[in-house]
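What follows is chain A paired twice: with chain B in the first complex and chain C in the second.
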Partner chain A sequence: MFCVAEASLYQQEALEAVRREGGGAAVESLTALELLQKEDEELRSIVTFSSQLDAALGGGVQIGKTTEISGGPGVGKTQLCLQLAVDVQVPQCFGGLGGQVVYIDTEGGFLLQRVVDIAAAAVRHCSLLVEDDEQHVAIDTFTVETVLSNMFLVRCHDYVELLAELHLLSDFLSNHPRVRLLVIDSVACPFRKHFDELSQRTRLLNGLAQQLIAMATSHEIAVVITNQMTTRVHGSQSQLVPALGDSWGHAPTTRLLLQWMGPHRLAAIFKSPDHMNSTVQYQITSDGFRDADQSEQPQRKRPRTDTDQSAGHQRDTSC
Partner chain B sequence: MDWKHLEMSPKIRAGVRRAKLRSVSDVLCVSGPDLQRLTRLSRSDVQELLTAAATACRRHPPVPALQLLRGECRRLESGLRLSVGCPVLDELLRGGLPVGGVTELSGESGAGKTQLALQLCLSVLYPPQYGGLNSGAVYICTEDSFPIRRLQQLIREQSELRSDVPSSLIRGLRFSDHVYIEHAADLDSLQVCLSRRVPLLLARGLVRLLVVDSVAALFRCEFQAADWLERTKQLLSFSSTLHHLSLEFTTPVLCINQVTNVFDSSGDSLGPLSSNVSPALGLAWANQVMVRLMMRRLHMTVARGDQCSVLRRLEVMFAPHLARDGRNVAVWREGVQGVSDTQTDT
Partner chain C sequence: MAVLSEGMCPGLDEVLLRGLRAADVKTVEDLVSSDIEELARKCSVSYKALFAIRRVLLAQHTAFPVSGADLYEELLSSTAIISTGNPSLDKVLDSGLYTGEITELSGGPGSGKSQVCFGVAVHISYQLKQSVIFIDTTGGLTARRLLQMLQTETSNKEEQMEALQRIHIFRLFDVHSLLDCLHSLRSGRLQQASVGSGSVKAVIVDSVSAVIAPLLGGRQNEGMSLMIQVAGTLKTMAKDFNVAALVTNHVTRSGSGEVQPGLGVSWSHIPRTRVLLEQVEKSLVSQSTLRSATLIKSSRQPCHIKEVFDLQWWSRSKEGSSGKRKLEETDS
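Up next, the complex of A and B:
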């Protein structure tokens, strides 16, 4: 019992669907060789300013892919995100991407004071590398002010706002083709409260993951998301694992785990399609995310004492 | 949010009625195909509906961080800090407590946590040029009765502590009228307090500092070991309430926490510890904390004039904008102040 109006609506809809699917397929099909060439010809990674982590990740955080950073509180997740948000803007003649960034802050950890620190350090770093004329020109426009002007901040207080923002982001990215990085710090915070039904949460998270993957590929951006840790109990043993459940674990292309090992900070890659699982040491200095000091031997590291007020030029900060 | 305020074509409006979608946010929580089926709209109409709903739900479009730096977007980043009232400690905290996010202060009993919290309750009354927020404070006690005599003493000694502020200004501030004290003896009354009375005070602008002293007491005594799942759930809901209040009203939230002994420092640790204690309540709570501070007693005393105090140390465990660092502090009659090394007298 269909009424005429409804039947014609279905017909119209079917035509629309056929047109859309047909058009889409022609663009999307690529042979593996073409894909390889495409990947090779473009600079496809954002450096982390830690050469060891870059090496482990194969050049840095990949464009067109999603990367998850998980870790306990204070280990440096937000610091790495802020560092990447600055690094993506390094001009092309310095080996960067000269891109822009959209930063979605759900925890309130985006503190301008710290962003300015990291940006100033990156600008200082590049100005020391100036050799040719092109770099001279580039460094004039690579200042803390321009870094901040290319950083688009969104604050979301709950998951509805986050979903709304992601829905509208596609248009924003079309209007801002220079955006190369999307950071969500963190996905866990809005999705770990206000959910009585876990099935609803799982469904929304799956949808969100699909959206992020689609955005990463179609707009050629790197998507970096952070996740909290949670305790999982196995019989009498307990273990720290990234939050949001097992099905979420399939969403990111690369999963990075930041953790403490005594006084040292370690970054472990534990899911990646094209790199070996490996663990590297890093530190958070007043300048940002950096390689661990090689000159400083771990066993000679003195425990901090009461009189040890200023720990020298490179103080350890945390997130 | 109501449908009436949304600009939509009659066709889409009819679809929404058909689908019996109550609030605008429901649209975003239903998957695309489901929405199409429920509203019986075409795909492009559903997209239009989603865009309209998303525009209504988001607070603001992406803002360049430069506008924040220039102070053109006060709502997102005011750059305000709540001063502790001591230049040494303000330097450690880069100005004081941030106004959005939960700050935790943990330590053993007698470390001076409550002293610092009381001092902040008075500091918040000052105008912004003196590190305050021009508003009052609400202090929720869960452990002990409120140390009212000590607060009175601190108020009397304010001019001693804040020599940077003109004394006429200090005399003009009516400190005791602007510190609201709440007692919560169990989790239910804490819940009522946080969901009804505190939002009211914040919304009216009467207070702009929330202190909970302490978070650990209720969660540690009301649950048995076997109820850990229920405890985690309650803790998560409590901490997200605090987080929400803090961001919504751009208000600093200070939570005092107890400490617990650490027996094995295996891989699960939350960072290098300077002593054998760590803040209580575990990971579920720590995930919601933005700035974690710790205070402990040192085995030294320091003297100044006729006063004598046990030396303490205030340390930054983690914060997005602070280095891991610490300062020695002493508790005097007029309040908590940082101590430079030269003053230390063993």
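Up next, the complex of A and C:
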């Protein structure tokens, strides 16, 4: 206001100018119908190579959204990330995205040998599917070497490096428009140490979350982050929950929990704006992340006791 | 804060204005709050003239009393209560969202805040045939889910498309673009959005905490002021255009481990009605779609009313995922 007075502009004129300025740079709005068309045409999903998990997620990991994978050590978080990093590159004529991937490794868990295994299995899988000429051409360029060359690995050692990298990443993505997936494995590791003040950590994490979803939307990439588990104590009971606190829980669009149930591995969706919570079984083979063997199917029903109840309830409302 | 200008009131001419400016009096506020006697000496104008100007300015800028009866008339003619489409929620909210007010939904991750927002948006656009503005700051909105909800209401493709067209979406991820958006809505976009497709009856911000929380915590004061600005803009918009504002908020845990809405005490005064959503089943990976809604602030109803509702209410009957449920049921 003071500068307005000094420039002896009339207030109305100033307001007019502000309005004109605002009109030009105003945020874009779109109707839900336009968004729906966009989702159908451009924003496809990255398959996980586990048909059950794909079905539960509605086709796989969504482009333009953030997905968190949490779980205890050794349950397969990194394996799923590596699998996705390979899957995103499956050529379009095989129903993939033909994209590239940026992989931010903060734990040092990126194993190149595993990537080669998974990539070789994916290439083998696609070569069995070849039917027409277009696919013949595509399979020639879809090899383990190209898979590796379309992978950009960033190793971050602490949270400062991670935040700095994310600030620069926007430019990198503009220069590499084919990138369709950003993996951060894991976000918990750098943020679980070196913090004296928890409110500072929460603030940085909230900022990071907004940055990620903004990037996912504007560059049309899928963001996959992994998280570790921590113990929450309720009186005398304790429970394993994803780390980084409650307010971080709001950040990812979809949250997946990988856990052991006896000898089986289960993947549970427990936060998703457009899919029901559900649990599926999976296994990790030398080829990567796959459906559990069909013969073991009936057993996976056991862990859940509430299914019947909620399904019953649902029947009530549908009558 | 209005800048002093020529012709604002009789006696305020160019010469006087220049004099006042030289004395560092630029706005109405400056003039009204300054010592008239001293100012008259500094600008060498008559005390009487300045006094008269001040009186006129005060009269121009003052708020004026309105009688309760008039207010009630206005309230009856302008306020609408918009049903959320869910009877249990309506009961908690005293029959729905009131226009001109801010209603807040808070709850932990996966407690159903966004689902309620989608449900309300679909209900308003399809059942009430009015427009809705949906500001998505978390990237949680998918048109596919909206369509899914609409499909349970009607199988008529055209009606579905029409309803989708009445939902206007803004996707923004930081507080400055949120403020920009709210300002542009206030200065005309809101009416523009209403042309042709029913007037805008609700503005939904899902979630307000996502953009504000990154600025709070640590030793930062800027975040506080931005939060209050967002609140002020939302409030005036709701009042001026008679729309219902529905915002969502995250939760934090107090020292004793109790769940409470986020954004602290200053924000708690902003919404007129606050509802806390929780999962009925406390386990982390729950399959249940039952949620409880607890009223924690209201000026109309006693607090701590609790209702249990089913998130599937908005997608009753046939739906892709419910088919899957039945399948599981049969083979178990």
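Throughout what follows, the second predicted complex is superposed on the first by the 267 of 319 C-alpha atoms of A that agree within 3 Å, B and C clash if a C-alpha of one lies under 4 Å from a C-alpha of the other, contacts with A are read in each partner's own complex, and residues count from 1 in each chain.
By definition in this document, a residue touches a chain if its C-beta (ideal position, glycine included) is under 8 Å from a C-beta of that chain, and two chains touch if they have at least 3 such contacts.
What you are looking at is a predicted structure, and each value in this text was computed from that prediction instead of being measured.
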Touched partner set for A:A32, first chain B, second chain C, both or neither: second
Chain B versus chain C as contact partner of A:D246, first or second or both or neither: second
Which of chain B and chain C A:G262 touches, first, second, both or neither: first
First, second, both or neither for A:G64, with chain B first and chain C second: second
Partner chain in contact with A:F270 - chain B first, chain C second, else both or neither: second
Contacts of A:T202 with chain B and chain C, given as first, second, both or neither: second
Which of chain B and chain C A:T231 touches, first, second, both or neither: first
Partner chain(s) touched by A:A214 [first = chain B, second = chain C, both, neither]: second
Chain B versus chain C as contact partner of A:Q92, first or second or both or neither: neither
Touching both chain C and chain B, counted on chain A across the two superposed complexes: 200, 203-204, 207, 240, 259, 304, 306-307, 309-311, 315, 317-318
Interface residues, chain C side, partner chain A - complex: 1-5, 21, 26-27, 108-110, 114-115, 118, 133-134, 137-148, 161, 164-174, 177, 180-181, 183-184, 187, 189, 193, 207, 209-211, 213-218, 220, 250-253, 257, 262, 281, 284-290, 310, 312-313, 316-318, 321-322, 324-326, 328-329, 331-332
In the complex with chain A, residue positions of chain B that touch it: 25, 28-29, 31, 40, 42-44, 50-51, 53-66, 68-69, 76-77, 79, 94, 98, 100-101, 236-237, 240, 243-244, 246-248, 265, 267-272, 274, 282-284, 286-290, 292, 298, 313, 317-328, 341
Touch list for chain A against partner chain C, complex: 1-2, 4-5, 10-11, 19, 22-23, 25-33, 35-36, 38-39, 55, 58, 62, 64-66, 197, 199-200, 202-204, 206-207, 209-211, 213-214, 216-217, 234, 239-241, 246-247, 249-251, 253, 255, 257, 259, 268, 270-279, 298, 301, 304, 306-311, 313-315, 317-318
Touch list for chain A against partner chain B, complex: 6, 9, 12-13, 16-17, 20, 72-75, 78-79, 82, 102-103, 107-117, 145, 148-158, 160-161, 163-165, 167-168, 172, 188-189, 192-194, 200, 203-204, 207, 228-231, 240, 259-263, 286, 303-304, 306-307, 309-311, 315-319
